[in-house]
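You will see two complexes here that share subunit A, one where it goes with subunit B and one where it goes with subunit C.
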Partner chain A sequence: MGKLIVVACGAGINTSTIAEDSIRERMAKEGFTDVEVKRILMADIEGYLTRTDLVMIVSMMKIFRTFDVPVIQGMPFLIGSQTEKDVLLDKIVDVVKKV
Partner chain B sequence: MALEFNETLIAFDLQAKNAKEVIDFLAKRMCAQGLVTAEYAAQTWAREQHHPTGLPTRPFCIAFPHADAEGVHRSALGVAVLRQPVTFQNMADPDEGLEVSIVFMLANRDPEEQIHTLRNLAELFGQPEKLVEMREQSTLQEVESWLRRELRLG
Partner chain C sequence: MGILSTIVNWLLGLGSSLLVMIVLIILGLIFRVGWQKAVRGGITTGVGLAGLFLVVNLIISALQPAVAEMATRFGISKTFVDVNWADAGIAWGWPGIAGLIVTLLIVNILMVVFKLTKTLWTDVWSYWHGSALAGFVWALTDGNVVLGIAAGVLYLVLGSLMSDLTAKKYQEFNDMPGIGVPCGTTVQASLFAMPVVWLLDRIPGIKDWDASPEGIKKRFGLVGEPGVLGFILGAIIGIFAYGTTSGDLGLTKILGLGMNVAVMMMVLPRMVSIIAEGIVPITMSIVQYMRERFKDRELYVAVDCAVLLGHPAVMASSVILFPLCVLLAAILPGVQMLPIASLAVIPFWAGAVVPYTKGNVVKTVIVLLLYSIPFMYFSTLTVDSHTAAFQMMGQYGEQIAQGLKLASWDMGGDILGFFIQRLFGLFG
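So, the complex of A and B:
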């Protein structure tokens, strides 16, 4: 089964794309061909929580609740240094490798 | 994909009381050049209430207000370097106010193009030294040529 990472943002068009680009690029570099990276609206998150292939949530919004899968705050993809971006990408790689 | 950007779309050392004044100022400039409709200021302000665009960049915050493509005739970038910061709400947490020193106002005809602009801007957002460099430009013309170079606007 494939692995799904959702990238959620408030308004849904722009900022999550920046995170999505970085994550896709890293997944390709790692040779993870079974990982799907999908941009969604935070308001639509419920529909994804029941999916059995969901392995991780990257949220451009602050997170005020808990989820059954690992969640990371994706703002550094938009405003962080390269080092901060790499730290997040390493975390994502770890999660993908473990599931 | 041509992005309209010129001297009159930049406000340098702008004195504004609040975020709405900055948005109104830049939208008016865009409208005067026929780039957006007269409603663009109101549409942008309305969007800002539901989906704020302040970002906690370092060492000072920025915002990138914009509205939907319907009010846009030609894609444009407006920039305001503020004398004193104004408060925008945080995109990641609308309950948090951020003191914003530079405003990048976007007007885009299509989402793809907006993403392209945002990608270039995001490169600056992640580099504190670049933001400082931008704010330290001493004339409006310097701000314009600096941005043209950094955003590769040609």
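So, the complex of A and C:
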């Protein structure tokens, strides 16, 4: 079964695109072919929570609630240095590997 | 000169989708993202732009006859068609876009070097606010690209100064150190909120009045879904326009309009998102470059206003504001556009206001209801340059010749943008 990472932001237009791009690139580099990276609206999150292939939520904003799957703050994708981005991507790779 | 103007005219004659494709591929090569990314980005954005104009075309053909009918039957003169984020199409498709990006980058770097601002304008997507305004001024001055760029850069520079004023508050409230949000109508909402909230906090009764965001979301959350909201609004307009006109009491037309408006509400932002999908990867290297150049300074890194939408009070306030704003626009004399597509900008305003109201729903609603009034009037006042910009890009010429007027809140109704348009209109 595939693994789904959702990248959630307020409008699904700009900020999530930035993170999606970086994560996809890294997944390809790692050779993960079964990982789907999908950007969504935070408002649409409910529909994805029931999906059994969901492994992680990357949120581009502060969320005021909790989830069953790991949530990663994606802000460094927007403003972080290359090192900070790599740390975040390593974390994501770890989660994907563990599932 | 002869050859150059021939080439320029040929390029402009290609239409905005092809033009933006070529511009982005060239920008991509300049920013060294590699030709594969450049080509993919260019084509994707061209596709998004074409798709955006298709959706707007659909809504024009559905909504324009309806608002015209409403005017004949009841004398309700709200005949401007709301296209809201179709302005992103003007922004990325007008001929000066490449010049605007490069000029703003240079101006911003100079301002940071000379310590005139702390905000690093790294969020290239959000340049669209300034670029749409630039497109209006370009239309207003009969196609003067240089004046258009000047207006757009002025707007974005003022945006970075406003971001300096609001950054700390956004950072604390959203727990995001280091960010700044220079986006047009969003950051202006914060400045507007400061004195109004100060005043509200001194009025007994309102001072401590609040409503639970969770409760509101549970009861009215459905209205927050763009498709549902669009269907309801479209059907209401349909009742005024076509109610009791045919054998089935106009029901076919009423439901049809509801569906068409729902389509617009859901598909328009998706098209904008496709445009972004092309642009963002191409411009990412700019972010990296600017970050590294200034890594020793304490600066605010510009991010999109979407990062402010996390607090539950944002959507709760928005679903209350949707119907209130439509009603207000319907009642206020002289306002000629009923907001439909433009309602989509309200959550972004709310995101900028809740840090100042500390997440209080009632105060956020009051602030934004007041804030929306100038947008209602300015979108009416700027309708001609707005419509002309679409026409000069080769869109909807036929309908515009027959009297179609296109308006929006974001960017047509923009307060700062209105005054910049008036200023540059003096040169036109």
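Note that the second predicted complex is superposed on the first by the 99 of 99 C-alpha atoms of A that agree within 3 Å, B and C clash if a C-alpha of one lies under 4 Å from a C-alpha of the other, contacts with A are read in each partner's own complex, and residues count from 1 in each chain.
In the analysis below, a residue touches a chain if its C-beta (ideal position, glycine included) is under 8 Å from a C-beta of that chain, and two chains touch if they have at least 3 such contacts.
On a predicted model such as this, the values are computed, not experimentally measured, just so you know.
J.: Overlaying on subunit A: subunit B and subunit C, fit or clash?
T.: Superposition result for subunit B and subunit C: clash.
J.: For A:A11, decide between first (touching subunit B), second (touching subunit C), both and neither.
T.: A:A11 contacts both subunit B and subunit C.
J.: Answer with first, second, both or neither: which of subunit B and subunit C does A:I92 touch in the superposed model?
T.: neither
J.: Using the superposition on chain A described above, determine whether A:K62 touches subunit B (first), subunit C (second), both, or neither.
T.: A:K62 contacts both subunit B and subunit C.
J.: I'd like to know which partner A:A43 touches here: subunit B for first, subunit C for second, both or neither.
T.: Only subunit C is touched by A:A43; subunit B is not.
J.: So, does A:L54 touch the first partner subunit B, the second partner subunit C, both, or neither?
T.: A:L54 sits against neither subunit B nor subunit C.
J.: For A:I79, select first, second, both or neither according to whether it touches subunit B, subunit C, the two together, or no partner.
T.: both
J.: Stretches 55-63, 289-297 or 325-333 of subunit C: which one clashes with subunit B?
T.: Given the superposition on chain A, subunit C and subunit B clash at 289-297.
J.: Name the residues of subunit A shared by its contacts with subunit B and its contacts with subunit C.
T.: Residues 10-11, 13-15, 17-18, 21, 60-62, 75, 78-79, 81-82 of subunit A touch both subunit B and subunit C.
J.: Sort out for me which residues of subunit B touch subunit A in the complex.
T.: Touching subunit A from subunit B are residues 51, 55-58, 90-94, 111, 114-115, 118-119, 122, 125-127.
J.: Can you tell me which positions in subunit A touch subunit B when the two form their complex?
T.: Touch list, subunit A to subunit B: 10-11, 13-15, 17-18, 21, 60-62, 73, 75, 78-82, 84-85.
J.: Spell out the residues on subunit A that touch subunit C in their complex, using ranges where they run on.
T.: 9-18, 21, 42-43, 59-64, 75, 78-79, 81-82
J.: Can you list the subunit C residues touching subunit A in their complex?
T.: For subunit C paired with subunit A, touching residues are 122-123, 125-126, 174-176, 178-179, 224-225, 269, 272-273, 276-277, 280-281, 284, 288, 291-292, 295, 301, 303-312, 315, 347-348, 351.
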